[in-house]
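Chain lettering (A, B, C and D) follows the sequence in which the chains are written, and residue indices restart at 1 in each chain.
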Amino acid sequence: MHDINVDFFETAEDCPCDILIEGLPGVGLVGKLATEHMIEELGAEKIAEITSIYFPPQVILEDCGVARLPNNELYRYEDKKKKLRVMFLIGDFQSATPEGHYFLTETYLDIAKKFGVKRVYTLGGYGVGHLTDKARVIAAVNDEKLKPEVEKAGAEFTESEPGGGIIGAAGLLLGIGKRMDMEGICIMGETSGYLVDPRSATCVLSVLSKLTGIKVDTTKLQERAVEMEAFVNRVKGAEKTGSEEELNYIG
Amino acid sequence: MHDINVDFFETAEDCPCDILIEGLPGVGLVGKLATEHMIEELGAEKIAEITSIYFPPQVILEDCGVARLPNNELYRYEDKKKKLRVMFLIGDFQSATPEGHYFLTETYLDIAKKFGVKRVYTLGGYGVGHLTDKARVIAAVNDEKLKPEVEKAGAEFTESEPGGGIIGAAGLLLGIGKRMDMEGICIMGETSGYLVDPRSATCVLSVLSKLTGIKVDTTKLQERAVEMEAFVNRVKGAEKTGSEEELNYIG
Amino acid sequence: MHDINVDFFETAEDCPCDILIEGLPGVGLVGKLATEHMIEELGAEKIAEITSIYFPPQVILEDCGVARLPNNELYRYEDKKKKLRVMFLIGDFQSATPEGHYFLTETYLDIAKKFGVKRVYTLGGYGVGHLTDKARVIAAVNDEKLKPEVEKAGAEFTESEPGGGIIGAAGLLLGIGKRMDMEGICIMGETSGYLVDPRSATCVLSVLSKLTGIKVDTTKLQERAVEMEAFVNRVKGAEKTGSEEELNYIG
Amino acid sequence: MHDINVDFFETAEDCPCDILIEGLPGVGLVGKLATEHMIEELGAEKIAEITSIYFPPQVILEDCGVARLPNNELYRYEDKKKKLRVMFLIGDFQSATPEGHYFLTETYLDIAKKFGVKRVYTLGGYGVGHLTDKARVIAAVNDEKLKPEVEKAGAEFTESEPGGGIIGAAGLLLGIGKRMDMEGICIMGETSGYLVDPRSATCVLSVLSKLTGIKVDTTKLQERAVEMEAFVNRVKGAEKTGSEEELNYIG
């Protein structure tokens, strides 16, 4: 076992890709929900599994008691009409150490480069610390020239958001990507930061769809959003005597 | 000194093994109690000591003031009737760093593989956060096909337990073991998580015995369990004025 | 990508330097403010960017949504009258790990040495824990023989300040610099430690100016100091009912 | 610069040693006080300085503003009457990381071995959590056969102290020393753990003196002990209204 193991499946053979879409776990699981939804709706095919000493030292249980190492996974989908070939990156965890983020991100970009990827989309949530009615979508790019098309697709660029930069893979894929001559666009859905947020994921997908031309049916995501909102409203009702602020600590 | 030192004893020569049983320290010391009890009852022989920079930087004192490096140890036992040869793994500590868990587990599996081990049993506790009257035993495997025999031996597989996966060697031996073509079965005794739990260790041994065919007399473990329960009852009596929940914080 | 990447610009070619002035982020941002101010006023030219796995795993956003890796930067300025060639070191962060500080500092000194640098000035703040009216400047050197000229320039050497030594690049550049035969002088402006302190940066620059002979107009820094003091006074007014101590926690 | 740098002085040439005495910083600074006192009283000569990325990333200030890297130092003393040659190990810090402790200890033992050292004495404090009138001295060894002479010199071996083993260099020098065929004896003075304790250091020296035959005048240490005790009594007087327990938190 190396520090980072990439196990390619047979499905990975001879399959160039044009873009990479990343949705690893982060604020409100917005990027993860959005990317997993696309993979499922489009029927993308798994092409690789990545395990690493940089992930937490544990196993994940699935299928009622079957253990596997935590991993990150690559999927692939070819939109024949649009002639667009997409690589997806999802997973259980991001790196457990600061340096690991750098090493893993580089590995992902090395693979992407080898498959021909020219542009990277990273999807995530932008935590604002309070419940919001309508999720704005904000963006960052690794090249000024990418801004017009992103704004046209409905995302905002603001001077001060997110204030602390973009942490983890969603940020580093843009930063290290630039060094490797890949365009990078990060699309962040506004979210409370306290709850898993399928509504915000839907908004992110809407912007991504305009940028890539790939349409996915978001009915299931919207249903999950409705369920989540019903849950929040029940809690709000139950907590009528408390202030609205308290609600922020749910999740 | 290397990052991980394996010092084999002469007893290690020419001694193939069929299975590995791991009982490093963890929740309720369930796995450690169970494995140490087996080693003692069966008179297993020490074949190796492992020291490492991944263990805490200290010495352990034993025999009234004699210091030694913290280590993990391998023992071996041959059940001539059952024609089963067993390697045991116990020790003072697990890794002090996340990456160390991966490196140490790999080392253990490399050794096991070289000795011919085909299957790994990892023993541990599953903390439920409250005192329990009767210890359920739950299990995880690294291959779906292993489930029937484990269920037959009395362990349960449940959809949601343990929720956070299995941390440390007990988990990684299954995860990395799978990659090295070794069967892996983790047997976890339900335990409060607040107390050393010989009762739970007895339950784990009972399941393991059915799986391996190796019988050990558990009288001594049961005596320790009775002592521990008497202690808990004394505390309960003394705390009659407090709520039962408070009891959870003992240990 | 290596653990530390140094990307030189064309401007770096054939440009020997005599001294290095360091102003990475630290207490009160005193060193950073002072060094950035010099770079701006003198029109120093960027000659290199340094990225590293030792910096936090994130991107910085600038120009309204354009992401870049966090970095440290080298600038160069030639004072033709004084025949003094200066290398500046500034940046977003210092190392995120203890060892990283050693590795990064060594890299900076290796570069400096190659460019011909004989002396290193490190600029910083010295936090005293309370607001001060007039910023004293204290100093440390890596060779006893440097003390007279530093005292003549207006900095004090005291037996007990700073008590805990000098943490990070400002300290290590002196310590490792000594091993590489480079003179090292650390100039620290007294500051509360709670607020960004342009006043203290002005005092540091005044001492540095006497030491190097390089004059910079500090009007802009002094304007920022006046703004900051007006802000502090407004807070003091608003908090008249509270004790002066509370003020210490601003920032 | 390597991870660990050992710079030998000319004084190190052709100077075999029989024993190593370690007194790095630890509980109550007992070992450090004892070892520094010996070096001073005996006029031992510095033979090496050790710097390392495993020490904290800072410089130490001495001589009123002169900075140097934190280090560990080796001294040497030859007792011509006793025909005993002693190497001393003291320093500013122990390792800042767990693995660093292992790497540094190995380096020290490699050097000691090369100089001919056959036995290592490590000196330290044993924190009991309350003020004590008379400092017991307890001990640990890395070989059962060393116990009689240590007991004869006035140190006790107890079944349960120190409960958590011996942390850091004082412990690892015994543990790794054993692996390198060096005898190891750790002498620990009982101390509160809250205060620098020259009284306990005197008691440790008394035992060490009987073991090595080296006599040092402890008048200065005893004077410091008297000063410290006067300080404690003043605090006790001032705190008459508070409970004695509160006193434990001094220092």
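Throughout what follows, contacts are C-beta pairs under 8 Å (C-beta built on N, C-alpha and C of every residue); 3 or more make two chains touch, one makes a residue touch a chain.
Remember, it's a predicted structure, so these values are computed and weren't measured experimentally.
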Subunit C reached from subunit B - shortest hop count over touching chains: 2
Interface residue identity across copies subunit B, subunit D - same or different by half: different
When subunit C is superposed on subunit D by its C-alpha atoms, the rotation angle in degrees, nearest 5: 90
Centroid comparison with subunit B (C-alpha atoms), farthest chain: C
Distance between the centres, which are taken as Cα means, of subunit C and subunit A, whole angstrom: 38
Subunit A, residues touching no fewer than two other chains: none
Full enumeration of touching chain pairs: A-B, A-C, B-D, C-D
For the subunit D and subunit C complex, residues of the former touching the latter: 1, 51, 53-54, 56-61, 63-70, 96-97
Residues of subunit A touching subunit C in the complex: 95, 98-99, 101-103, 105-106, 138-144, 147, 157-159, 162, 164-168, 171-172, 174-176, 178-179, 184, 186
